[in-house]
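Naming follows writing order (A, B, C and D), and every chain is counted from residue 1.
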Amino acid sequence: MLRDQFPGLNIQVHGKPLVYLDNAATAQRPQAVIDAVNDYYLNHNANIHRGVHSLSESATELYEQARVSLAKLINAPSHKDLIFVRGCTEGVNLVAQTFVRNRVKAGDEILISHLEHHSNIVPWQLVCEQTGAKLKVIPMNEQGELVLDDLDQLLNEKTRFMAVGHVSNALGTINPVKKLIQAAHDKGVPVLIDGAQAMPHLKVDVQDLDCDFYTVSGHKMYGPTGSGVLYGKAEHLNAMPPYHGGGEMISKVTFDSTVYNAVPAKFEAGTPNIAGGIGLGAAAEFMMKAGLDNITQRDHELRIYAEQKLNEVSGLRVFGTAKEKAPVFSFVIDGIHAHDIGTIIDHYGVAIRTGHHCTMPIFQFFGVAGSCRASFAFYNTEQEVDVLVESLHKAKAMFT
Amino acid sequence: MLRDQFPGLNIQVHGKPLVYLDNAATAQRPQAVIDAVNDYYLNHNANIHRGVHSLSESATELYEQARVSLAKLINAPSHKDLIFVRGCTEGVNLVAQTFVRNRVKAGDEILISHLEHHSNIVPWQLVCEQTGAKLKVIPMNEQGELVLDDLDQLLNEKTRFMAVGHVSNALGTINPVKKLIQAAHDKGVPVLIDGAQAMPHLKVDVQDLDCDFYTVSGHKMYGPTGSGVLYGKAEHLNAMPPYHGGGEMISKVTFDSTVYNAVPAKFEAGTPNIAGGIGLGAAAEFMMKAGLDNITQRDHELRIYAEQKLNEVSGLRVFGTAKEKAPVFSFVIDGIHAHDIGTIIDHYGVAIRTGHHCTMPIFQFFGVAGSCRASFAFYNTEQEVDVLVESLHKAKAMFT
Amino acid sequence: MSELNKLYKKTILEHNRNPRNYGIPENWTHHAEGLNAVCGDMVNVYLTIKDDVLQHVNYSGESCAISMASASMMTELSEGLTLADWFERFEMFKLLMSKDAAEDLHYETLGPVNNLVTVKKFPSRIKSATLCWYAMAAAIKGEPTATTE
Amino acid sequence: MSELNKLYKKTILEHNRNPRNYGIPENWTHHAEGLNAVCGDMVNVYLTIKDDVLQHVNYSGESCAISMASASMMTELSEGLTLADWFERFEMFKLLMSKDAAEDLHYETLGPVNNLVTVKKFPSRIKSATLCWYAMAAAIKGEPTATTE
């Protein structure tokens, strides 16, 4: 079984088997990923790109092979269109500072959505602060779906860039990104898609989407922490100024001037997270082998089952009931604060997240400070849903 | 023996035991570091700082404990003065963009030295490009030592910042950073020290140095790839604007405005390299246990032995003969290009680096395109020096 | 489960259900907002201070049971104290909440607040208990906001 | 060691010691600089092209034996060729150097250049062999610099 390949699931919490339902925060990693990281440290421990010795050659080979695997996973035209980054947050910031900052001036607009994670809000607020541009927001409805009625006005002649999440980490909503990209492109507006929460669940095809940038968090797609990639269209990446200055991103340095290296090296200054990149490649291979269709199918089953079971708990209210959604459930229970629920069910082995999930605006919309969030991965089981529900009943009993 | 704790050394290259002399590029990691990384993935696999469940609590505890270990290693006043970064390069860029960029204007000067790594040159060139400031350079002499005769003019009323490496990665020179910091402070100039190459060799005390910033590469001090810390004086860190926008670095987000979190969270947007940070803490503990004095002593022995043996090779010229230096040897051999030497001795199991070592200006000074660099760590042995020298003789034989 | 039952003691649950001095008063002389960056909890503290004595202490906000109970008990404990006495109790409270403190630490002067002693076993919840205290300290010092350390 | 001896064949070492067409000529019609970002190698190619024929091909630079020999053999091979013929050979050479190509790949038309076939076993050295060719292609196209892909 696929689940058996995730050793991090085999632990006990407060003497109970772990029921890990905090996958949207970070996933567990399959043994293949852990092995790939160890294999680098044990058998190929060297720096990359700059060595003529065999160890460095084989480390470089592994690292670049990982880039190829990731390009295949998201169907990028070339592995050279992928930049290794620490995670989604760095990817968004990189685009904000090197692509968008120079294109906007006071009065211009950057369009995001109400469903964004702070990592896809604050970088744009910083650019707005730096340039005088204005942040515009695609609104949402009670179901946690984007409302596109006014998209035509929101995408106007002042709009310089659009940045939208593929899947909401707080509500699970799958946004109609292809349609949004099309609409933006019709107005000549380039688009970044924050794919942090889509990668673990969906088959992503950046060419089919036709997005200009796509950001990926490695640790959420079963890869190592500190890993991720930014995909960008080659024409953009080639035209963008570098981000960090340092080793590897230059061709020639004198004190008077510096010639930058070609993409992707131009954006990968300094020694990267080599082990992390290699592990992320292993995660991509793992996912392709498991089959994205199987993963999506399993997600669907879990979502249907959990939805039904959670709705049976009296006093429980789920936020986010979009038609298209990933198996992510944000909920509150009358009379018990989310943090108290989190603490109580943890004592039954159930790990969920509580709070605003780095999406304060979403909870401002619903008029609550936060929620409990149970987020599933394909390796979760129906029994785990049952344990969750039982533990919620225990929490309710404690408070009444 | 300490050496036995480094499993990455126990491999064969072209059927010969690996002689790893590329430590300045990246070090090997002790089993304790590899174990710490695995322990996180196997037993504490969760995201940090945001969870109320036990798994997240213990991951957070491990991560924050690592920060404390690192603060102890460099004697920082508080662990809160340490920001986790990907490596030295990110540390320098962070300071360049958030501390220096806003303080300089056209005509101002930023002072670096001729011995810098590209990672401590290009970020300042970028700031100069962005602001119109000028880059000034402390010169070096034939021995590869900084010439401080004109320091008084170089540090003048236009100087806004100084950034100097502690130890040269290309030549091994240990710079008189305490003296430089004092001189800069006398003129009110804040100072960043690039500690990438000092950390693996020297006892670093940021309070004794009184530097304003100190950057550390984890992977060079026996820690995981993609890890590092930036130390900054609290008064600076508190006053600096944030770097990346995203989760974790904020207290409150609305679409209209955002309140930033306290230091160090303010600079740690997004999910960090959790496993890497934890592993880096284990590296710091490993070094403190091994004893910095023992490490420095062993460095000294290796340096003396290697110096003597290399000087016996006819036609071999060592660049960098500073009185104070780490066990790093840059050399060329008459009639054989460095890359050919690198390829040949690799076939005898010897891993060295060849080229400009991300320090083009140093080799422009010496009028050569690059060199061979053998860089030692405390776990290297005298026998390995002998294998290196024998292999160099083989290379010479091949070319005559 | 006993740890859990100790955390959610009757007293705590009762204060959570019937918080004392809850709500925004008509008048106050000092106010501050406490923010827990990690989870988004917020608590507002409103004080009336006269001649260095805490005449009225009120709070508002929506937060977890630990936070509600802590604030409720804090307001009851604080009213009538001089500022100096209050800061003395704040120091005690910090010790009570510190991870390294003895499990059964007890400060007579803190009264019912001692019920919170188990919180320190739940590291991620310590800030829930301390937020209101930091907010109150901020209010007294004239600072508009406090974040827990 | 045989791999190593195959790499540093007599022919290669001989070309390295006595590079053909080495040095900056007095006149040229086309020039480009090749930069290997990774190791800092540089090679300059100087061409005299007349009626689409490569009349003279010279190069300068300081680089490793593989790079020197490759450039030396390239210049010998190139002189007198039409541009079309040269680009045909460039394509062959790229195949000769590609990692996936057969170990004993051999192109009659490339002559002595075939001696470089072992380079592809040394991934980090492939760029040493190809740099001069990319520089020459850049020179023909009127581009000032080339970096190896």
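We take it that a residue touches a chain if its C-beta (ideal position, glycine included) is under 8 Å from a C-beta of that chain, and two chains touch if they have at least 3 such contacts.
What you see is a predicted model; the values in this text were computed from it and never measured.
Centre-to-centre separation between subunit A and subunit B, using Cα means, comes to 30 Å.
Look at where the CA atoms of subunit B average out and do the same for subunit D: the two points lie 37 Å apart.
The centroid of the Cα atoms in subunit B and the matching centroid in subunit C are 45 Å apart. Centre-to-centre spacing of subunit C and subunit D amounts to 76 Å, using the average Cα coordinate of each chain.
Within subunit A, residues 50-52, 56, 250, 252, 339, 343, 354-355, 360 each touch two or more of the remaining chains. Residue positions 38-40, 122, 124-125 of subunit C are each in touch with at least two other chains. Chain-to-chain contact here is organised irregularly, matching neither a line nor a ring nor a star, and falling short of all pairs touching. The full set of touching chain pairs reads A-B, A-C, A-D, B-C, B-D. Those residues of subunit B that touch subunit C in the shared complex are 49-53, 56-57, 60-61, 250-252, 259, 261-262, 265.
Contact residues on subunit A toward subunit B in their complex (touch as defined above): 7-8, 11, 13-14, 18, 20, 22, 25-26, 28-29, 34, 37-38, 41-43, 45-47, 50-56, 86-90, 92-93, 96, 117-119, 121-126, 135, 137, 217, 219, 224-227, 242-250, 252-255, 257-258, 269-276, 339, 342-343, 346, 350-355, 358, 360-361, 364.
Within the complex formed with subunit D, the subunit B residues making contact are 336-340, 343-344, 347, 354-356, 360, 363, 368-370, 398-399. Across the complex, subunit C meets subunit B through its residues 35, 37-40, 122-125, 145, 147, 149. Taken together, the subunit D residues at the contact with subunit B in this complex read 1, 3-4, 7-8, 13, 38-42, 62-68, 122, 124-125, 128.
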